[in-house]
Amino acid sequence: MSDVTHLEALCEAVLAVAGEPVAVEALVAVAGEGVTPALVAEALDRLAERCRAPGRGLVLERVAGGWRLATRPELEGAIRAFAGERARSRLSQAALETLAIVAYRQPVTLPEINFLRGVSSAAVVRTLLERRLVRVAGRKPVVGTPLLYRTTRAFLVHFGLDDLAGLPAPSEVGMEDAEEGVVGP
Amino acid sequence: MSDVTHLEALCEAVLAVAGEPVAVEALVAVAGEGVTPALVAEALDRLAERCRAPGRGLVLERVAGGWRLATRPELEGAIRAFAGERARSRLSQAALETLAIVAYRQPVTLPEINFLRGVSSAAVVRTLLERRLVRVAGRKPVVGTPLLYRTTRAFLVHFGLDDLAGLPAPSEVGMEDAEEGVVGP
Amino acid sequence: MDPAGLATAEASPRPAVVLPAFEGPLDLLLHLVRSKAMSIWDIPIAEICDQYHAALAAMDEPDLEVAGEYLVYAAWLTAIKSRSLLPRHEGERDPRSELVERLLEYHKVKAAATELASIEEVRRGMTAVRIDPALTPLAESGEELGDIDVARLAAALVDVLQRFRRDHPPHLDLPPLRFSVRAKILELYELIERQRSFPLLSHLLTRPDRLESVTLFVAGLELVRLQVSRVHQRLPFAEIYLTPTGVPLREEALGDV
């Protein structure tokens, strides 16, 4: 068995038990001596390619700075039926708005979120903390030293982002549209 | 995509998240109408066959109660290395609790930590010392002069705090405050 | 139930809301500007205030905090309007520009939220693969230190303290008994013998001391057990009558009570 073939099997096995994204460096570390990051990258490429074949139920995706195996989104119905779950609840509009503010403006404080949304968002932030989609990242050195919030690794996984740079650019989310549509003469 | 191809993907996805052996009947039940046990058996055969290809890290096994996906036994070394590596970079629930006690109650002794947690925490404190999250800060002038522990500079850096006054009261992060009524030993 | 409103209608048994739900005064204002194609530079304050009023009236339960948010906005809009009517000094900003900026910023937030929602729509169908290793099960090894923040630390402290309190309940203070069952049995016996049909419930309810009522009730049960008295109650919660059976009460039968 060639090195890369063995490495591919190793990556698949490790990722399958990890249950979360694993960094290339971590795979290099467990692969043993003489294995370079380039070799691991090649093995991961092959693994991703193989997962794309018809009849496969898994996808290999790059999220949160690592690689993760997950089930194909099309198979959601079967997975849910098996687990006996109802449809997973989506995030509410309030949660999505708050998350968008934290994501694009981090680090950000609760008063800043309240100001931008025009409503008190304390309860929403608390729920996002519980769901581990945002985290506390220190305090802002202003009057009242409010807590600062940032998004988490779980946020990146939830939205399939490799890092924050992968967030859709503001222009992609209709800023020009806003200028034209909203602003009158 | 043929029925069996789709079914193969479905079986792989369900087995990959099931966490326990899955009976053929359970797969038939989630596969939807018109799918027979024979068809599922064929899909499982194909899945098993495909897992035997070089470069695959998973095996499909028949065990009591049904079928399960597991890692290839030869890769156990890598899996164990990965598990060990991961344990080193993680904090157990016990360690998190102990760190919380040191952070909020410092300076604090090991007997005081044991008293609050209700279990011996010596090993956990040692781990936190090794991880440089807590440090020894003198001895308490009581019988036995136990060592006093405090959090470190690295602790503050990790949590983004300037000083210990920045630690939030539980109520500030949406936890009901459990302080009242709890006394030290 | 869901104070933060994170779950959607899908997870809630309530019927879908007919009115479009607004996240607050800013959201409603943005909606009005867009749907009525009104100029952002010339927002009719009176109409907006009417709409705010309608939104508040449509709420199931008036919420002071939410009402306050609408009021603050109404006041702010009124202030902008009145300032924009005054002549401006040279170089002074148009008082309406802050409103325009806020609406634009909020519009961006909503657009980003929509974007996140569409990503989530696809991704929530995916589940992380988690299979068992062939031989040694993978121990649950806690969490990545990098994923732990002070909120988790505070939560861990609360866990410890709650568990501590559960394992160390406060001591029960047992005050000495102020009434003896034996004395109450004798007292009740006399009352029953005298009245033939004694209303126990009324008697219990008029005792000033709850402990005395409890002791009397136990004494009543003792009399029934000793077959000195019968008990009648016609309906649940109705009066309880004790009547003598004719069997005399012998003090030695009381034993240790």
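Residue numbering begins at 1 within each chain, and the chains themselves are lettered A, B and C in the order written.
Please note the rule applied: a contact is a pair of C-beta atoms (placed from the backbone, for glycine too) under 8 Å apart; a residue touches a chain by one contact, two chains touch by 3 or more.
What you see is a predicted model, and the numbers here were worked out from it, not measured in a lab.
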Original post:
Chain adjacency by touch: line, ring, star, complete or other shape?
Top reply: complete
Original post:
Counting C-beta pairs in contact, which chain pair ranks first?
Top reply: A-C
**OP:** Using mean C-alpha positions as chain centres, tell me how far chain A is from chain C in Å, no decimals.
**Re:** 33
Subject >> Chain centre separation in whole Å, for chain B relative to chain A (CA means) >> reply: 19
**OP:** Please set out, as single numbers or ranges, the residues of chain B touching at least two other chains.
**Re:** 13, 16-17, 58, 69, 71-72, 75, 79, 86, 159-161, 166, 168, 172-174
Subject >> chain C residues counted as touching two or more neighbouring chains >> reply: 127-133, 138, 144, 149-151
**OP:** Please name which positions on chain B make contact with chain A in the complex.
**Re:** 1, 5-6, 8-14, 16-18, 22, 26, 29-32, 46, 50, 54-58, 69, 71-72, 75, 78-79, 81-82, 85-86, 159-162, 166, 168, 172-174
Original post:
Can you name the residues of chain B that touch chain C in the complex?
Top reply: 13, 15-17, 19, 58-59, 68-73, 75-76, 79-80, 83, 86-87, 89-93, 95-97, 99-101, 103-104, 116-118, 131, 158-161, 166-170, 172-179, 181-182
**OP:** Mind listing the chain C positions that touch chain A in their complex?
**Re:** 3-8, 10-11, 21, 23-27, 30, 33-34, 38-42, 65-66, 69, 73, 100, 102-117, 119-133, 138, 144, 146-147, 149-151
Original post:
In their complex, what parts of chain C are in touch with chain B?
Top reply: 127-136, 138-139, 141-145, 148-165, 167, 170
